[in-house]
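In this document, chain identifiers A, B, C, D and E correspond to the written order of the chains, with residue numbering beginning at 1 in each.
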Amino acid sequence: MNIDGNAILVIENLSMVFGGLRAIDTVSMYIKKGEIAALIGPNGAGKTTIFNCITGVYTPTEGTISISRNGTASGEKLHKIEGLKPNVINQMGLARTFQNIRLFNKMSVLENVMIGRHNSLKAGIVHAILRDSHTKEEEQRVIEESYEILKKLNLHMYVNEMACNLPYGAQRRLEIARALATDPFLLLLDEPVAGMNPQETKELEETINIIRDQEKVTILLIEHDMSLVMNVSERIYVLDYGRLIAEGSPLEIKGNSEVIKAYLGE
Amino acid sequence: MKSRTLFSELVKAMGNGLWFLILLFPLMIMKVSVVGGKALITFRWGFAPVVFIVSTILSFLWKRALMWNEHRQDKIPSETLSYKVKSVLQGYFKNPVIKKLSTLILLVFVVSFPFLFGMYHTNVMITAFIYVILALGLNIVVGLGGLLNLGYAAFFAVGAYTYGFLWKYAGPSFISAGIDTGWLFWIALPLAGIIATIFGILLSLPVLRLRGDYLAIITLAFGEIVRMVLQNSGQITGGATGISLIPRPWFFGMKLAPKQAAVYIYYIVVVLVIFTIYVVRRIEDSRVGRALEAMREDEIACQAMGIDLVRNKLITFALGAFFAGIAGVVLAAQTTYINPDSFTLWESIMVLMAIVIGGTGSIPGAIGGAMLLKLLPEYFRPLAQYRMLIYGVAMILVIIFKSDGLLPRHRKQYTFDEKLDSNASAGAGK
Amino acid sequence: MAVMEIKNISTFYGNIQALHDISISVEEGEIVTLIGANGAGKTTTLMSICGITPVRSGEIYLDGKNITKISPHKIVEMGVSQVPEGRRIFPQLTVAENLDMGAFLRNDKDGIKQDMEEVFFLFPRLAERRNQAGGTLSGGEQQMLAISRALMARPRILLLDEPSLGLAPLIVQHIFEIIKKINEERKTTIFLVEQNANMALKIAHKGYVLQNGSIKITDTAENLLSNEEVRKAYLGL
Amino acid sequence: SGGQDAGTIKIGVAGAHSGDLASYGLPSVNAAKLVVESINAKGGINGRKIELVIEDDQCKPELATNAASKLVSNNVVAVIGHICSGATKSALGIYKDSKIITISPSATNPPLTQSGEYPNFFRTIAPDDAQAKLAANFLAKTLKLKTIAVLHDKGDYGKGFAELVKQFAEAQGVTVALFEGVNPGAPDYSAVVNKIGNAKVDGVVWGGYHPEASKLVQQMKDKGMNIPFISDDGVKDNTFIEVAGKYAEGVYATGPMDTTSNPLAIQAAEEHKKKFGEEPGAFFLNAYAATLAITNAIAKAGSADYDKVSAALRSEYVDTPLGKISFDQKGDVIGFGFSVFQVKNGKYVELK
Amino acid sequence: MDYFFKLFLSGTAKGSIYALIALGYTMVYGIIQLINFAHGEVYMIGGFTALIFGGFFYTMGMSVWMVLLLSVILAVLFSAAFGFTIERIAYRPLRNKPRLSALISAIGMSMILQNFVLLAQTEKYLSYPSYLPEIAFLQPFRQYINSTQFIILIVTALIMVFLTVLIKYTRIGKAMRATAQDKDMAQLVGVNINQVISITFIIGSALAAVGGVLICSYMGQINYYIGFVAGIKAFVAAVLGGIGSIPGAVLGSFILGWTESLGTGYISSDYEDAFAFIILILILVLKPDGILGKNQKQKV
């Protein structure tokens, strides 16, 4: 594959087979540092499955997935990540949200984000039992950091609410906040505006831009809401029946007849 | 209208009474005895009206109770009596003087217990406290980790046998060297904790990817294997005969009569209970505890947050095992005699029951549940042969009318005090 | 007479009130839509109708019969079918078995078979996945299955909770066409909850706006589409 | 020591009264009740009525300590029990220091008397080694078996007996080809029965209780194995014959000497049937004898004083369903030993 | 080889005994995810009821066949009624409560039933008459398998087929599976879940009674405690085979039976259960969802 630019995620000839079904069929794609890219396609095209392969939920049948935190152009080598455990992959700097919201429902909003910060803390069992001043400081710090993250996503007014009591749109944003808390360099969003009304969708659009610009986090998103996709993304990959059928800028994709036929309609 | 519903309820209850009369007929009214290979049946007609009337009454009350129970949570909590009482009490206990005072009273009571109530009650309390340690330990695994463990008695056995072996194998050399064998207890206590922890880690390593009941059954299997090894390796473990005459703990070189020894062990176990509560509370309320909480809620999301599930589960198993090990040593010291019968599957189930009835995950719950489960049958003794029957009934009643447990968990939630905003303070929560 | 008449219902979750004195009436053959922000109580309304979250006060009538205290399966027997929020596919049943469950109360083997073919025609994707376990379908496929399952019951009244959620643009249009079609051809009464208020109001006859558990506006769909308040809050215009 | 409550003399009855071993503990409660009732009906001992304090230990050591301390705080002067050797061991520590006489109807573990640790302990049953010796002699000398299989139920009692038989039999030149424990309560023993067949032994020894024994003999006969089956007094119980039926024929068991013709035994069984409506269960007669012995000793001693009563137990003979018995210095029963029995025509017949 | 064959057959016989109990167990377990500790007690009650009615009819002078038929039918009816009642009292009020609560209720129920029978009947072992016929053509093979074992094996097979067909193909079976997976949704397609759950308990308990009669006949004895041990083994077998899978429960039972039998035959019966548990551990480590269990892994 021919990479044009500073790639931080490179997928080569990825295939995923379930029983007899080829859900992903030799897909190759890459994500450039600092961009907002989108992955679209009809239902059941394999978008979520690609996310699952990247984040270690599935081990791909064939192909490689590699990352490079600073980008290939910096001279940094690519690290293969396929087949690693989800928590290891997350620690390497990839974070995701889920198509069906998976918050820790019975924990507060603050705590959800604190869980995201888990790996930036050190205190183990012994520290927990002794609770020395260092550990106390650390706990104090994580609360403050978490609050800062909530503020960025405009969730700070809910800080002490139980996650399950939040409005739907806020829950989606909390998932993003929680993912951001793990300090990723690449954020994978699976249908971030599904179930949101147009007003909320607009707000999230802004948030996504802010995350990219201020936090310097690269974003890859899956979405069926074309207004969002076309507004925020710089590059779009289109998947159909597990195969890549198009790649390009929003304008190019909008005009691509194959994409119109398979996906966009009209 | 009202009297008519009451009437129809009564008719229904009588219907139920009839149903129970039929249902229980073969077992209650008929009685079998086998003589010369032939089953002889006698009829106890006298029971028939009793069964009918008792089940009619019970069924009527049961319906009422269930209805009341169902509508209980409809009420706004702040308007219920129990809430009002609770909040008044809480108000009192917020007062530092009262808080200190009541802790002091409790402490004085606990400390003076052996002198107030005598040896029998002290002994019973020791048994109950041993179960409190077990319940708190298992609560880490089941309540915090969300892992159903049906083989917990194995770690209890490891602890008890650590002490037993120490006595059996090192005891003679202690005696010949002229050292008081009472020292062995103090060596066994930390050693058993460590060995049980190692067992916990070793046993859980291969099985932690299992979920739910599969994990439960595999821990059950481990528990049973440990017991079988203890039972069948007679040369080493004493087999079914067990290990006897285990020394009581050393107390400044004094030989203690059973009465004094009971008091002494009582104090030891009280200190251990306090230690256990302290450790469990700290862990629950830490980074590790938070991760366990999240793991119980959603394993997949938890992993996506970079949390290593296996490591966390391992920690819970190891910690749980540690406390079981310690409790085992105390058991061996109290009974001075151990055999595999004290570590059956039933024992694991009892500890599990203690924490569920107390309130899964709740520390006061584990304490209350363990006390209840161990004290009830003791104080049900006057009920003689009806004891276990009534015990079973009590379990069901408690769990149906307090299905989240008697003292359900109120997790301390991490909160952020917005008024202080950036010079934020971490807060004690709700 | 209204086919479905909701009179002053209030629903609670434990001690939290989710619905405050709601009244809705749906005429035979109508498409009625219920719109509202997240957490307004739309799902709760649907679940209250079906008896899953029983109401604490008020009454619900179906064909003039009071169904307020009736158990859910009996209400379904009376011809009410729902596409619930979150799809609620039976995860271990195959696609075909899920559809079969939709027709649980029907006895006409041939009719069921025919309807199944029709559903597969509407959603070819499902035909391809016929023997796959429901739980492993993609999000959108599950949504198609949930809609199809409800159709399999041949309901007289169809309750839809955000049917377009997670569907590709092409399919979203398709779904609304299907809704319109079964309303016209089968004379099925439809009660539609949607985030996509724009689309919903376009096919509906009448609409209700729900806010914090209370009905705020009731009007014809046309009027609602041009209502300033609605346009701002729910149509994002 | 206790018993100062001038009104009544309290006697404890402890053992498994619930749980899986209840069937071994409850008969002793019945026995004690019957004896005490008849004594009280006659005005009690020296004018004082007897009161029973019944405590359940489920045969668990930790519950036994609680039961024991409960009895101690209730000021009992003596305890009939406990039933299982393990529970007895953990309870004895408490009784010993509180000077309470303990008479077990069923705890056969040899060290209980032989170690000399427990001067307050007596039993109306012979220790395992006595019966094991008898069984080993019988199979080696009388039956002249060359190779045997020894099975047990892994329990304290059964396995103890089995090990001793093995030891004594080997000393007499018998080969023990198979020595194994089986799971008590299992529905089926055909695998181990096959193994016995495969081992080509000419006799089987069973250490344990009758429920398993009857399954074993049934499944052995079913597979056409007609070799001698020798067991212990856990099997020398009429329930065994009831349950095993025709399969019981020919089974040997060591057990307390035949006392069926003893008028007291007949009377005790009748009393039981009258009061409880069924045949008495395991260790009933032993418990009956134990209760008679202790009440007699108290009567003879003239008070409930520990030293006097234990002296009386050791010196006085008393008529019981087991015969005229007394106790030796260690606490083992005198005047009542073991014999070998065989099931003939549905009855245990003592072999002379 | 003959020895192996004998062991294998006794393992099969033992396995079919476990299976007879495990089938009812796994059914209830599969539908409401409840480890029904009281199932073993229903099995015991089935055995007792048949003994009691059998004894009664026998003294009335009925023929052996009639006694067998009537007592089995009554045992099945009464056990089914017990199952139904137990569910109503102890499990239904806990339907939407944490799973562990229902488990505790089940343990409590098991204690109640055990002690009830202990008090109402007897603590002693009772001889269990076998009314089952000797099968003539099996006589030459008595060394390998006896008539009762053979009948148990056949009945197990029949019940397995019956349950598989019931659950896979019938309307009630479909309703059961739907109820198992999502109770609310099942109601929304018209399933009366209370009825379905009751029927599940009725069938499961009726099967337990059949097991009670057959197994007690085979053992030749009964006592109030036989249910507990049997229940645990059945639970192990059911999980080993895969939760909720009917053929899985049978296969799991046979694997337990074979392991125990061969382990006893070639190594030692001292560790009979240990072999079974080691096999269990090995299989579950390799197949975390049981032998025939479906992969429960959630799609995310």
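In this text, a residue touches a chain if its C-beta (ideal position, glycine included) is under 8 Å from a C-beta of that chain, and two chains touch if they have at least 3 such contacts.
Since we're looking at a predicted model, the values are computed, not measured.
**Student:** Can you give me the shortest step count from chain A to chain D, moving only between touching chains?
**Tutor:** So the least number of steps between the two chains is 2.
**Student:** So which chains are sitting against chain C and chain E at once?
**Tutor:** A, B
**Student:** Counting C-beta pairs in contact, does B-C beat B-D or the other way around?
**Tutor:** B-D
**Student:** By C-alpha centroids, what is the most central chain here?
**Tutor:** B
**Student:** Starting from the mean Cα coordinates of chain A and chain E, work out the distance between those two points in Å.
**Tutor:** So the centre of chain A lies 49 Å away from the centre of chain E.
**Student:** What whole-Å value do you get for the distance between chain D and chain E if each is reduced to the mean of its CA atoms?
**Tutor:** Taking the mean C-alpha position of each chain, the two centres sit 35 Å apart.
**Student:** Approximately how many whole Å separate the CA-defined centres of chain B and chain E?
**Tutor:** 29
**Student:** Could you tell me the distance, in whole angstrom, between the mean C-alpha positions of chain A and chain C?
**Tutor:** Measuring from centre to centre gives 31 Å for this pair.
**Student:** Among the residues of chain A, which are close enough to touch at least two other chains?
**Tutor:** Touching at least two other chains: 48, 57, 98-100, 102.
**Student:** Can you pull out the residues of chain C that are in contact with at least two other chains?
**Tutor:** 136-137
**Student:** Among the residues of chain D, pick out those that touch two or more other chains and give their numbers.
**Tutor:** Counting only residues that touch two or more other chains, chain D contributes 18-19, 26, 154, 181, 242, 245, 278.
**Student:** Which chains touch, pair by pair?
**Tutor:** Contact pairs between chains: A-B, A-C, A-E, B-C, B-D, B-E, C-E, D-E.
**Student:** Could you pull out which chain A residues touch chain E in their complex?
**Tutor:** Against chain E, chain A makes touches at 48, 52, 57, 98-100, 102.
**Student:** In the complex, go through chain E and note every residue touching chain A.
**Tutor:** By the definition above, chain E touches chain A via 300.
**Student:** Once bound in the complex, which stretches of chain E touch chain B?
**Tutor:** Touching chain B: residues 33, 35, 45, 48-49, 51-56, 58-59, 74, 78, 81-82, 85, 89-90, 93-94, 97-98, 100-101, 103-105, 107-112, 114-122, 126-127, 129, 232, 235-236, 239-240, 243, 270-271, 273-274, 277-278, 280-281, 284-285, 288-290, 296, 298, 300 of chain E.
**Student:** Can you list the residues on chain B that touch chain E in the complex?
**Tutor:** Those residues of chain B that touch chain E are 19-20, 22-24, 26-28, 30-34, 37-41, 62, 66, 69, 142, 148, 206-207, 209-211, 213-214, 216-218, 220-222, 224-225, 228-229, 232, 300, 345, 349, 352-353, 356-357, 360, 385-386, 388-389, 391-396, 399-400, 403-404.
**Student:** Give the list of chain C residues in touch with chain B in this complex.
**Tutor:** Going by the criterion above, the answer is residues 12, 14-15, 56.
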